[in-house]
Structure formats: C-alpha cells, structure tokens
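Just so it is clear, A, B, C and D label the chains in written order, and each chain counts residues from 1 on its own.
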C-alpha cells in the first residue's frame, strides 16, 4: 500500500525543530523597544522614569510572550517524545506533522492578537482555538502511529504504558485549553491566565497523570 | 572529472530544511493583527463586532498563507523523497539545489503580492511563474541524478518504478500550475483557487498517478 | 523515577542551534539602512558625505550588534561544550534548557533597548540582567548534570577537572556581568563597554582560569 | 595545550547552516510588495499597468537579492567543502567560524544598502568590504586547519592538492572582490555587476583554477 512506503524520520525532526526555533524567536518581535518623547534629556531622571514606565506598560506583551513560549516548548517536548519512539515515517504521518506545523506557525499571530486585545472575547477564542488545534493534531498523530496497522512506524519494544501515558498527557492539555477558552465567556480578564494551567500536567510525574485520568496508578510507569 | 568529486548530502538537507522552516514561518508575518479605532471601549460589544469584522477581512491573506504553506510543504516532501534515494552530492547537484532554494525564498514575496492584488493578472502570473520554476528545478534535479552518468549519486538498488513515479508526480504538479496560471486569462477570480488543485496529486496513491499519466498501472508500485 | 526516563540529546541541540541562528541573525535587523533626504542628487559628493555621516551615526547600533553577537556566541560555545559531555537528556534538563533559550530569545530586545538608550541606567540593567539570567541558567544546567544523582546523563569517563573548569568559566562570566551592570551606577557611558570584558575569560586558557579562581594551577588541565 | 582540546564539528555545521538559512531568507524581506494608489479600480487595465511598472521598478532590489543569494551560497559551498575534510574542531576554529558567521549576518544590511544606494561609492565599499572580510575569514580558517600543527583537525588522508585547490579558489574570490570594489572608483554603475564575476571561479573546474593561478595543471586534481 502507498501509505506504507517508509521514509526516514530525521528530516521531519529537522523541519519541526527549525520551524519551532523560528516561531519561538519571532514571538519576541512583538515586544518592541518603547519610544520616549524626544524632549526628554538623555540620561535625565525624567527620561529614566518615563522609560521605566513605558517598559512596565509592556507587561501584557511580555506575559503573552512568556506563556506562548512555554506552551510552544511543551508542544515541542511532546513532539520530541513521540518521535523518540517513532522509528520511521510515511506519507500520512508527514502530512499530519505538516498540519501540526501550520497551526504552530499561526501562534505568533494569535499571541500578538491576544497581547493587543487581551480582554476581547474573540482574541481569546482565536488563541484558545489555535492551541486546541495544535494539541489535537499531536494527539491524532500519536493515535495514528500507535494503532495496530501502523505499528510498523513505531519502535516495536515500546511499552504499552508509555503509549497510554503520552496519549493522556496530550488529552489532559486539550481539556485544560477547552476549559480556559470556555472560561472566557465568564471572565475575559482571567481566561488568559488559565492557559498557564496547561503547564501543570507538563511538570506532573506520569504516575499522577494516570491517577487523575484513571483513578489508579500503574506499577511500571516510567 | 570535476563534477564527480562527491560530497556528503546531509549539509544540503540541513540548509534546505532551515530555509523551508524560515520561509514557511515568514508567510505568517503577512497576516498582521488588525488595528481597531481607539474610540471603541475595550471589551465592549461594538469593539468585539469591529474586531471580528476586521479578522474576517483577513481571509484573502489567510487563504494565501494556507495555500502557500501547503504548496511549500509539498515541495519539501518531494525534496525529502528525492534525497531519501540520493546517497551523495556533487557540485552540480548542490547548485541545482541552491537555485531551487532561491526560487523558494521568493515565495513569501509572491504570496504577499497575490494576497494584496488577488484579482490582478500580473500577480497571478508572478505567483504561478514562481511555482512553475520551483517545480521545474525539482524535476530537473531528479532527472540529473537519475540519468545513467550520474547514477553514482543515487542508491543503486533504487527501483526504476520509483524513479519514474517521482518524475511523474513533479511533472503532474507543473502541468497543474501551468493550467491554473493560464486560467487567469479567463478568470482572475477563480485562478488562485485552481492552485489548490496541485494538492490532489500529492494525496493520490502512486498507482493512480501512473494510470492517469500512462493509461496503465504497474504491478510493483510502492 | 520520572526524571530518569531518558531522551536523546540531539533534538535539544538542534532546537538550540536553530534558536541561536535566528537570534544572532535578528540582531542585524536593528541596523537599518539610513534614509537620506531626497533633495540630494544620486551619486553627488553631497549625497556621499551625507550617507557616510548617517552610516557613522549607526555606530552605537553596530557596537551593540557586535557585543551581543559575540556574547551570544560565547553562550552557544558553552552550551556546545556542556552537551559535548552530556550523553542523554531527561525532562528536567530539557526544561532548564528551554528556560535558557527563552532568556536567549530576549537578547534582540534588550540589545535593541541598549542601542536606543545606551546612557539610560534602566536599559543597562535590563541588558545586564538578561545576560546574568542566561549565564546563571547555563551554570545551573551544568550543576544539575554533574551532581552525583544525575551522573547518568553524563559521559562517565568525564574528568572531574573538566567538570570544574566549565563551572568556573561560567561563574567567571556571571561575575563580570554583575560588575559591568553594577558599574552603570557609577557611569552609564562606560558600563556597556565593560560587558565586552566577558570576552576575556572566553579566550583565556583553562590553566589561567584555574589560577585566577583558585590561586593555583592543576597539572592535567585540558 | 588548551587549543587542542577537541570538540565535535557537527554543532558548528548546524549553527552555520541555520544562520545561512535565515540570512538567505531575510534577503527577500528587502523586496516589498509595491503599493499602488487606491484610486485605481481593482482588476482594471490601468491598475495592471501601474502594478507592472512598480514591479519593474523593483529590479535593482531583485538584482541585489539574486547576487547576494548566490554569493552567500558560494560561501556556504566553500564552508561545506572545508568541513567535509575537517574531522573535529577546537576553540580557535570555533571562534574563526563565529567571526565568519558575524560577517555573514551583516550581508542583508550591506545588500539592502547597495539596493537602496547602488550608485554611491560608499555603499559599494561597504558591500565589497563585507564580502572581502567573509572570504578572507574562510581563507584564514582553511589555512589554520591545514598548517602542520593543526593537522589533527583534518582528515589525515586528505590529498595536498585538495588543500591547495581550496585555498586558491577562496583567494581567487578575494581578488575578484578587490577588483570589483576598486572598480567602483572608475564607475559606480558597473561595479555592482562586477561582483557577479566571482561566480566564474565557482563554476570553473579545479584544473582551470590551477592553470590560471599557477600557469600549469596538476595531474591528479579532483
């Protein structure tokens, strides 16, 4: 079958690393150096105070930068972890990955939108929607490679517990995004901060992830 | 002969992956966050409606982004597939590849032109011309490595059917671009959408590609 | 333990190299081509003089570019050297590295701020603070991998002298940054030049680093 | 000795490929989509003519883009070729390479300056000077690794003819740049085109390079 013609995985990893590197760096372009009025004397206390004030005014953009950078890093770590166990690729896997990268490339736009209009319902929906699409594609990609028929793409010695853990971590992220986005209808002011909650599962040990999602803990979790 | 002094292929792959990563990400810079007039109250329904309207106005740019991203991805997949079978490089191959990358770097410009003037004949010609040049260089690169004299650059166990399939896929793309570009003389409004047709061969199984282009199907197609 | 589930190190290296490549290149975007008034005749001596003058006016930006480029290169070399001895990664190491990359991505902003307001206390504090955070994360990363419990991440044959030398080099950099930043309270004009002092340890042989920091020299230093 | 503590070469290659990818792509940002006055009707013949005219006005920028892209590609090919024979790196080699990358990062600036003021003496001097520095650092890098003491960095089976050929190719480039830059004192209009002459040695077989530079041809040149 056409789908089963296998290709090496290293090029996809290289393209993904490259796109993440550019996207993560582009986020900072949104934080531009403030301009202070030219009637201030250089080095004067007044200029100092003015510049300090302007720098503090940048906080929503710096917050958006920080949150987006860390969320992107989480996706990258999840991708890294998946491809650690994937041993080769095929046409379908490449295209799922490209859709994932396309959604990732939109993050500087949706971050910039959220930084500019952080109390508008619509910008939270765009940002949250973007995050949900990215996480869902990661989830779908992992499902694709782990389902029996496509097992040939995967390291055969892969423990089924790792398969499940990776699925649940991603699913957990999607649920947090859905809640954070949905919460924007209650309060547009708190919703952006809720996105930071996705970080929690990233730092929880696998055992806890299992206990939360299944109410019990496996013995052999790594 | 000078041409035959071989070099490793991994550096070309790295440069190509890097340039595609940057080009694919730069495409999004064309979609800038809309500015709404400052007399709207932040968070008000009027501001919401205005912002929503402005975001919808971005659709031609989002469409150009989407089409260009996927077309670039197609080129990248084709390049990946060629270099999967190429085992080493030489001076000529490197320079064909550099010309291919140069044409690729112009895609953000031609996409931006098409997004700005999507109903002007000239912008469709520039965009279509750019696509045709890229696809032709890919085709020419594959011809160069597969012709008998340069066989030393290629994996010797490579099936001749794969050689032919890759050629035909690229040729098919060039034909679709030519038709889409030419159609702009009939209707400038529909032509941009025709470019999306190139995606069809990308998702057709190899068998169908052979049947369409040759009227028959090989047995051993992978 | 969750922390000990090991991952390959090559993807972190690739993301780091990608981000450094973009950040180092973005620095140059701060140096924009000067505009000369259109009433000068093209190619005239007056236009020549005016353009030359405008190019000379760029010196603070070119200086900022040069210093930041070399400082970033130093961090990259330190990272390269650490990962030369690190043989695999885990979740904690990846996240320390991501924090390091996040601080690195802010360098174009803090460089641009310093280039624009080079005699303002606050811009030197931001620039110096950014540098100190980056160097501290590098120091912390090395401590993390070298402490006994995490020894499994490290090449086991690694000489303890190399472990110490890498720590001290980074520590030396942090001290220079602290002095240069603190000196801004004495003179905002000289402080930026003091940052260039970090280059000294980068070019000192390991022996001298040991002698300076410990008052004696080891025999087997490489 | 400190200099002789060897490091792997693949990270330098990755950073170099990344920086070249970004720099080569940034060049295109200089070619911005022309704006036509809003009183033209979209799709009208007048708008078509106006847009076509504006696109033709971009020719000096497109020419600068093309020349700089190909010159950068030449440097990259030369770097690729050098590192094909270099088997490991040390501190000095890394820093020569970083200086080479720093000069490379300035190419978008000097290209943009030449595109904007192509008939000003000063912009040709800046562009030419930048090219000469880059080529000289490449030449110096090759000298450093090939001189006897540093032979340990090089593949030991490397033919001395290849050593000489690489040196001469780079030297040839430097001479062409010097002539092209110097010619700007005669004619600022023709000088930019002279830069394109560097392409000639890139496409000459090694034999001819030897014959031109030494008046005779070696037998075993590859």
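Operating definition for what follows: a residue touches a chain if its C-beta (ideal position, glycine included) is under 8 Å from a C-beta of that chain, and two chains touch if they have at least 3 such contacts.
Here the structure is a predicted model, which means the values were calculated and not measured.
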Query raised in the report: Can you list every chain that touches chain B and also touches chain C?
Result: A, D
**Report entry** Self-contact between copies chain C and chain D, residue sets same or different by half
**Finding:** different
Query raised in the report: Between copies chain A and chain B, what's the superposition rotation on C-alpha atoms, in steps of 5 degrees?
Result: 90
Query - Distance from the mean Cα position of chain D to that of chain B, given in whole angstrom - result: 26
Requested in this report: Take the average of all CA coordinates in chain A, do the same for chain D, and state the distance between these two points in whole angstrom.
Outcome: 37
Report summary line: So chain D residues touching two or more other chains come to 14, 17-18, 21-22
Query - Footprint of chain D on chain C - complex, ascending - result: 13-14, 17-18, 20-22, 24-25, 27-29, 31, 33, 36, 42-43, 47-48, 51-52, 55, 66, 69-70, 73, 76-77, 80-81, 83-84, 203, 205-207, 221-222
Query raised in the report: In their shared complex, at which residues does chain D touch chain C?
Result: 1-2, 4-5, 7-8, 11, 14-15, 17-19, 21-23, 26, 91, 94-95, 98, 101-102, 105-106, 108-109, 112-113, 116-117, 119-123, 126, 188
